Each structure stands twice: as C-alpha cells, then as structure tokens.
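Comments concern the structure below.
Chain nomenclature is as follows: A, B, C and D, assigned in order of appearance, with residue numbering initiated at 1 for each chain independently.
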Amino acid sequence: MIEQAIPETLGVEAFQALFDRCSNWGRWGPDDQRGTLNLVTPEHRLRAAALVRDGVTVSCSHPINTVGDNENSSPAMHFVVRAGDVVDGKTVHSTADHLAVSPHGVVHSHLDALCHFVWQGQTYNGRPVSIVTSMGARANAITIGQDGIVSRGVLLDVPRALGSDWLEPEKAISIEDLEATERAQGVRVTSGDILLVRTGRQARRAALGAWDSKSTLSGLHHEAAPWLKERGVALLGCDGVSDVRKQPFTVTTHPIHILTLVAMGMQLLDNQHLEDVAAACAARSRWEFMLVVAPLKLIGGTASLVNPIAIF
Amino acid sequence: MIEQAIPETLGVEAFQALFDRCSNWGRWGPDDQRGTLNLVTPEHRLRAAALVRDGVTVSCSHPINTVGDNENSSPAMHFVVRAGDVVDGKTVHSTADHLAVSPHGVVHSHLDALCHFVWQGQTYNGRPVSIVTSMGARANAITIGQDGIVSRGVLLDVPRALGSDWLEPEKAISIEDLEATERAQGVRVTSGDILLVRTGRQARRAALGAWDSKSTLSGLHHEAAPWLKERGVALLGCDGVSDVRKQPFTVTTHPIHILTLVAMGMQLLDNQHLEDVAAACAARSRWEFMLVVAPLKLIGGTASLVNPIAIF
Amino acid sequence: MIEQAIPETLGVEAFQALFDRCSNWGRWGPDDQRGTLNLVTPEHRLRAAALVRDGVTVSCSHPINTVGDNENSSPAMHFVVRAGDVVDGKTVHSTADHLAVSPHGVVHSHLDALCHFVWQGQTYNGRPVSIVTSMGARANAITIGQDGIVSRGVLLDVPRALGSDWLEPEKAISIEDLEATERAQGVRVTSGDILLVRTGRQARRAALGAWDSKSTLSGLHHEAAPWLKERGVALLGCDGVSDVRKQPFTVTTHPIHILTLVAMGMQLLDNQHLEDVAAACAARSRWEFMLVVAPLKLIGGTASLVNPIAIF
Amino acid sequence: MIEQAIPETLGVEAFQALFDRCSNWGRWGPDDQRGTLNLVTPEHRLRAAALVRDGVTVSCSHPINTVGDNENSSPAMHFVVRAGDVVDGKTVHSTADHLAVSPHGVVHSHLDALCHFVWQGQTYNGRPVSIVTSMGARANAITIGQDGIVSRGVLLDVPRALGSDWLEPEKAISIEDLEATERAQGVRVTSGDILLVRTGRQARRAALGAWDSKSTLSGLHHEAAPWLKERGVALLGCDGVSDVRKQPFTVTTHPIHILTLVAMGMQLLDNQHLEDVAAACAARSRWEFMLVVAPLKLIGGTASLVNPIAIF
C-alpha cells in the first residue's frame, strides 16, 4: 500500500492550477451542458450491452434511509396510506405512498448534477451560479442524463487490490493505488467508462460501527483528478463521496467535487452500495459490466436519488 | 377498429371468475412475492441485451409534475438550495435539492408495487391487506424489483395500428386490438416480456387539451387480462393507467389493477411517456428493445417514481 | 353601495407615489423589522384583554386543505402513522403525524412575513431582496411575531353593511365602503388594531360554488392603503388576500401586498375563515374582540400557517 | 429535595389500577372527545383574561428544528423560494415557504392529540385504536382545540423551588415536589388550569451539553397522575415530555402519556421552551398568566406544532 504525502495546506493558486489541468470548458462548445457524458457514444453502449453474459443484475444503491442521526442529518420521510381504512364513510381500496427526500448528504445513494458545486462563482462551462434558483437550475441540471446513462461500468476495488478489507477513512487514493488496482484486476479504465471506486466503507462500518462520515471518508487524492480526465471517465461513483475528507486545501473541502462537477463536467454517484457488485465481480474475476443509471426526470434538479443497475 | 360491447354492469361473481382465471397464487410457491417477475430469467436478460443494435436510449418517463390542478391532485414539491447565499455568516458553497412526491395518481410516471391494490381483503398470493402498515408494506413491496427489472420491452402502438392518432378516452382495448397491433407491427408478445401499451394519451392532450383523466382514460378491456397471463407478460406499462375508465364493474373501478397486481402478481408502470419510444420504434420499424426499470430501493414502498430506459 | 371607478392602467409613477404615501421606512429607525407591530403596545394588549366579556373563543382559520385542484395548486400533505401496526416485529404503541405545506396561495389560512413581497428590489425598510435566501430570510422574517400578536381585533363586515351576502369577486373595497361599514357597525378602527375585512368569499362559494379565485377576488381598493396607515392598523386580515384581483396596475398584480408588507411593514393574514367570527360579532352587535395570532417559530420563514383566535 | 423510591418493575395490574384511578371515561358522556378541555369554562377564560396586567407576551415554543442528529431523528424541512429569481423567463416577484414536519419526538414543541397513545387497544373514552387511520384520526383528533385553548396558565418551576438550576434527567417529580413548588411560589393549581412543569431541561443542556434525551428526561412520577385529575388540570405541558424516562413499568415506557391522553383525556404540550416564561414569572413573583394555545386546524391530526403564548 503506497502512501502519498499530503502537504498541510494548499492555497487558491495550487487549486486553480489543478482546476485548469482538469477543465473541459469549451471542449464540446460554449453551450454544452452534458460534459463528460459526451464521451459515451452509441458505440460505447453497444459494447456495454455486449458485456452482458450471465443475465444477472445487481443494485448499487442503499435502501433509502429514513432515520435521522448524527450521520444522517436529512433523513428521508416515508409514509404509506393503508387500504381498508374507512375515511369519510368510504373504505380505501388501494394503498398509497409518500416519499420526501433531500438526497445530498453522506448516506443517500444519489447522482449529483453538474450545478451541485461552484468554483469562483461559476459552474461547469462557465455558467454563473445564478443559474441555480430556489425553484431549480436553469442549466447544468440533473436532466442531462434523463434518457439514461448507459455504458461500461468498471469497478476498482482498491482495498481488495491493496490486500485489506477496507481503506481507513483518512486514506487518499492515489493514481498509483488506482493503477495498482487496475493491474491486480486485469482491467483498464478507458474513454466513456463509468468508474466505480470501492473504499470498503460499508465493510468497515459493519465491522467497527458508524463513525463521523461527514468529516472523514476515504476517497480520491486530488492529484487523481487529472488522471480521470486523461482516461476519459464519463461518470464517477464511490461508496463514499469520491472526495477524501479531510484534505489539505484551504479553499475547499471538496476538491474532487469541484474538479469533476465544475471543471470536467463529470457527474458523481455518491454513497453507492458497492459490496454486492464487488462480490459479483470477484466471483467472476471480471471487473466490467453493463451499467444503467436512470435519474428521475426532475426539471431543474441538482440531484436525483438513483438505483444504478449493474448487468453481468 | 373492432369495437367490443361492454355489458352495463358486472357483479362480484363475474369479477371473481375473471380473477380466478388470472390468478398466479401459489404458482411460484406460497412464499413468493416476485409474481410475474419470476418469468424474467437470466436468459431473457441476455436476449434483451442482444436487442441493442444502435446504442440509442429513450426515456419512458414524464417530467415530474409540481403543479396541482384538477388532474394532478397531489403535485410533487421541489425546492432547491442555492449556492452563494450567505446563511449565518457563511457562504453556501453547494446547491441542494428537496423532492417530495406521492407518486400514485394519473400524472406521475411510477411503478406500482403488488401491494397497491386489494381484492376481498387480500393482496397477491393471499397476503392480507394488513401487511401494509402506515409505515410501509411488510411484503409485496416495491423492493421486489430493487436489483433492476431488465427484459425485452415490446411496444404495442394500438392507435397507430388501428389507423388513428390516439384512442378516445372511453376506448377499451380488446384482445383483438392487441393482436391486430401485433400483426401490424410484426411482433409477438411472449413470456418474460415487458409490455408497453400506447393509447396516444399525450397526443390527444397535445391536440385537444387536458380532460378529466381521473375519470376517463383508455386502457385494456378487462377480458384482455387473461391474455396477459397466457402470453406470460412480466410487467405491464401504459401511457394511461392500463385500466380503461369508466368500465362496467360494480365491484371495482380498476379491474386491470386488481387482475394484474393482485391476481397475477404483475406490477404496473402507470402514466408512461410513450411518444418518444413510439417514434423510435416507428423509425426503426422495430417494436422491441432492451428495457431497464430501476425502482428506488424503498423498503416497504407501495410505489416508486421510475424513469424506464429503452435501449435500441 | 358606492362604486369607485378604476382607471384602466396605472404606471410605475402612480404606484411609486402611492408607495411613498404609505411608507413607514425609517419611522421606527433604520434597523426596525417589526413595522406596524410597533403600534401594538402593552397598553393595547391590556385593552384587548379587557374586551373579553363572554369567555367565548372563535377560530379564524380554515381547515388545512390537502386536495390539489385548479384553486389549490399546492395542497398540504398529511400522513398519519397508526398505532397497532407491527413493524420489524414490534407493535407501534403511539400514532404520529406528518404535515407538509407551502402556505402561500389562495386557500391556506396563513400569515405573510414582511419579506414575502418586493418592490423595486427592496423589502420593508429598504432591505434588499437578497436577504431572502433559499434557506430562509435573514431579516423581515415571520419571527417578528414569535411572541404572539395580541391586540384588539376589529371585523369590518363589508357586505353586511352594504346590504348583501357577499361582494362580487371584482369588487374593490373603497375607503367609503370601509367607513360606511364602520358607521353601520358603530366601531372605529384605531391605532394598534388588527383589522379583519370580510368580503363574504365563503358565503359566495357556498352558494354559487368555486370560481377561479387565483384570478378574481374581492379586496381593498389600492387607494384604501393610505387609510390603513392613517388609522394605524397593526395587522390586516381578509377572507380573500386583501388585494382585489384583477386591478389596474401595470407594475404589480398585488398593490395592497406591496403597500402593506413592503411600504408600511404591515403583515397580512390571508384566506381567513371569517364566517364564524362574523356570526359571533353579529350575535353580540359588537365588532371588536381580543385577537391572538401565534405564528410558528420558524426562523427565516416567509409565512406561517396560523389559527388566529378571537376571544369574546 | 425529597426523593421517592421507584420500585424496579410494575406490571400490568399495577398500571391498570393507576389507569382506573385516573380515568375520565364516561364522565362527560359516551360521545365526549374533549376530555379535560371540558374543565375550561367561559368563566375560566374570563378569569384568565383578568390576569393580563402588564400587556407582555412570552412564547413557550422552541424554534422549529431542521437539523437531524441523534436527538432529533425527524428534523423539519424548510425551504424558501426567493424573489428575483428568473424562472421560465419570468422574474419571481414574491418569496414563498415550504415546511414539512413530523412533530412528535423530543425536540419539537407540539401539542399531542388524545389519539396519540393507546392502552389495551383503546384511546380516550373507549374508542378503539382503529379510529386512527393512515389518513388521519376519525375521533380524538387535534381539532378538539381548534377554537383555541385559553385558560389560566400556572408554571411550576420545580428546580427553582427545590433550590437547583435543573433536575437531573432521571428525576421523577413527585406530588410532594409539586406541592412544595406550589408553596414556594404561593400558587395553587385548580380546576381548568393549564399546568406547565419546568424541569430545567434547557438550562442543563446549555450548561452541560446535549444528552440522550430520547432515553432519559426528567418528568412526572406516575403517582402524580391522579393528583392531576384531582386538581382538575385541563392541559399539561412540560419542557420535557411530562414522562420521566426511564421509569419502572414493564408495560409502557410512557405512563404519564397514557394516564393523561388515554385515561383522563388530557392533551399534552411536549418540549416547551419554558426558560423565558419562567424568567417572566420570577421577575413578577407571579406564577400565573393568561395562556393561549392555537393548534393548527388539521382535520384528523394526531398532533400540531404550536406556539403557546403566555400573556402577563
């Protein structure tokens, strides 16, 4: 396991330099809102479908969490209308559902829209933060994936490759770690892929109990961001929030969020449940699969709960 | 266009007889909760993936509707936290989302769980309605599809086959209509398929304006229910709610809901947006495609908003 | 019944002149947020309490409306957890409640905060609209009344005084109408009062059915605004929304809202249920009472559902 | 400070005996739903109004709590629509509010309806728990106080009388403690009163930080329940939840809730903010005041957020 020294503090210039290395602004024209989803071509979807060999499907989502606690500051609310109840003299003949959720946060499995983060007053492709109103985003919204995000999914199970059950919460995953995992698994991340990075968060939680995951979570070292661009990742997911927390910047607590969402135009799948898909990969010694993400068609949304489906 | 006479009223015996013809109770064992999802085997998923030839994806969902009116009695609520706002002296650095929705009803694109309807106090496979509590369903919940519902989708564009732009709201689609559409399209619904039935509801609405869709909608004639079972349909979807309304029974306003959800154990996709997928089919003269439905992982849920993705 | 001609259109200068006549900006200092609540002194509360002679209480609120339709575009959502349900093997021993509401609109009985409306980019006392963030208002919020608004309530039952059961929706209530009602009732609105103006909206609805109350409602003529200031009204309520709609301005659809909330710093009680309190007044031939308004203590709120209690 | 020994366990017979001593079932007829609110007569309201001597009002409510943590498992959700945002090409000219709340729990200031608790399958006056459906309570609902609960409020500041800043969370307040507080304050609880019992919960929290208030809170000893009935208390409030937790019963964790809500038909004000009203009382050496509680008019509600207003 290769450790990477993290400088104590990095200022705005250091971060801006990293941002500029990652930026895709203008790459697909001044009006582009799709960002790295542009890297997913029909050809990629065909190749993804061709990965289906067993006809087995696996969810990458946690159950929706409805209990507030120190980790879950915005629990979902779920209420059900029962059938058989008599209301106003009439028997209710069907059940009904109500769900309310604020999907951002560190427990809900969700997809971040490009407008979720801001750098220097701007969102992806130079659009000012003012595009996001209290009634929804006028651009860079969750609807860019409304026809489904379908491509090859690649799981990098970093702790497994590094010989441990999980990464410690302060661990910053380096390029070396990612490439060592590729080698161990015999897979290579290429253009148009959906990359899922496993840190073993759930395994650690199951073994040691909950910790303050709002403050400390393993995730990608900020120097890995340009590697994501270089490899042509279309969408990034993690069982954490992709960012390692704590990290060294004075200017942001979420460098990976800014470098992906804002600079690259790359959406993020946060808080994924990767234990099942990791087991399915390990059982097959195959770390690639067709992956389908179907965000809700929420005009102006800054996020969507999603249930990404891996198809083996 | 073949019309089918509808008797004025049908009583409980007539409906029970129909129910018994459709019933799958016990077919997959006394503990089964998956119903007709059992018909989707890995082999079906492989064949579905093999239908991907163009790498083009199409959504079957409407945008989430947030405006209450006579048609939409339970509008969703969507609010967004802006970045840049200063709260308690600190600048908010990311945007956030809140969505609340009661998905049942005649405007929201959703998947019904098997527990959504009741017949004679029971839900699918003989489970009493008391399994559904105000805090969620203990069985027959939306989670049976939580690993994704993936199979061949078949679209039957009934008005197109019958030579019209849409079906009138009182039109009951008969077996003859369905089979005439199969013949016109050169496709046959077989075991494990996800069947989508287009009535042209949106086309009619676009041309003539909204009507009282709570009371009148085109849908399947109740005699078509046994045909669904005979053909081995795994999941049924419609741009309406599959039921034709009004209909002739004294004992229920939703015979198709009861015959599918309760008797067969077949979930329903209500209020789908089928205009785009119909156009994609027509352009290819091909009425089959890979279809992926990824309901939210909502324990005890009686429904989920979904965004079904057709992959051509 | 005295009719007042309404000019077809009034421009920004005409409205600004009216605004300036009504303005209380600076009257209670540059930092004031309480507006006309400053007019309610301890002495007023003492006199209000002295009006209690019968010990009878009457609500001025409608039941919370949970059904969306063309009039109610944002229905409240109310769900209840039942006791006795068995969840995860345990019997639930208490019932629970969930209520979600967007209180503004034309059916919910609510109190508007001063920040609810804007004129030329500013809210009451010159605070810019930017004080209202998507996470709440930093000033001019609903909390100015958090210790309770208690004063003399005066009901002006305008249709009763004018000899009719209700006012027609397009009726603009003039100063003459208000003063004729005062004379008919033998009461005079004075400094520190909570003024409730009845238009008979519910009576009309009960007799003739619902109409498009989003577009047409009886309310105060805009020229009555300076009269409210002159009389020293502390809080204004109405069974409509105080504004007559339609009205003649090109610059706003809600002149009374702007002239009270923004110019005067006077909060508004919208959509009050005034039939019971009107009957209680008529039975006593007494149009004054102690009135207690207890808004929810919602930091940053722009409104609160309220149930104002008249005490006779 | 008089300690009262608590037996380790008390079984169903002991509790039933206590229940029977407290029961008001049938006292106001078989159809009664108002319970101890029947004790508040017009005469009591007149006397309450006569207590207003200073014209000063004080809130007994906490701010609405929107942050989930280990103490607050169901945080409220509050979102605001800003004015000035441009949506669909139009500038929003007013701000708007959305509030969602599940009021039960140990942080929200709320009023419990009589149907909130159950004993042996029944609610107040022998109504079965089945009156509470998932769509609301058909009886014993929060609407019994919809015209306002107005009476004399009496604050018993127990820690102050016992010479401490707060009671420890495990402290069970005995009859002796209550009567010692009456003597120290020179006040006597009598029929029709609204009794507020201060435990100093907020003072302790401010000094020592939060603790697990879901599990341990000071409150009334169960033997004090018959005393409440004997004195004719109409409504009981507390800065905790009136119950002391932990307590000795095997059959319930909330004896006071059952003995008041179910047996006596006495509603409860939970989690009140009593620091300000205690200070107002101490400053005047007067522990009585006019108290107005105005629950939201929520048909079928099992609770309401409330902001009780003490008027001195």
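Assume contacts are C-beta pairs under 8 Å (C-beta built on N, C-alpha and C of every residue); 3 or more make two chains touch, one makes a residue touch a chain.
If you're wondering where the values come from, they're calculated on a predicted model, not measured in any experiment.
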{"item": "Between chain B and its twin chain C, rotation from the CA superposition, multiple of 5 degrees", "value": "180"}
{"item": "More contacts between chains, A-C or A-D", "value": "A-D"}
{"item": "Centre distance in Å when chain A and chain D are each reduced to the mean of their C-alpha atoms", "value": "44"}
{"item": "Separation of chain A from chain C, taking each centre as the mean of its C-alpha atoms, in whole Å", "value": "46"}
{"item": "For chain B, residues that touch 2 or more chains besides their own", "value": "77, 79-82, 98, 100, 102, 133-136"}
{"item": "Chain B-touching residues of chain C, taken from the complex the two chains share", "value": "67-70, 72-75, 77, 79-82, 85-87, 92, 100, 102, 133-136, 138"}
{"item": "Partner chain C, residues of chain D touching it in the complex", "value": "41-46, 49-50, 52-59, 61-64, 77-84, 93-104, 109, 115-118, 121, 129-130, 132-137, 143, 146-148, 150, 252, 254, 257, 290, 292-309, 311"}
{"item": "Residue ranges of chain A touching chain C (in the complex, touch as defined)", "value": "77, 79-82, 98, 100, 133-134"}
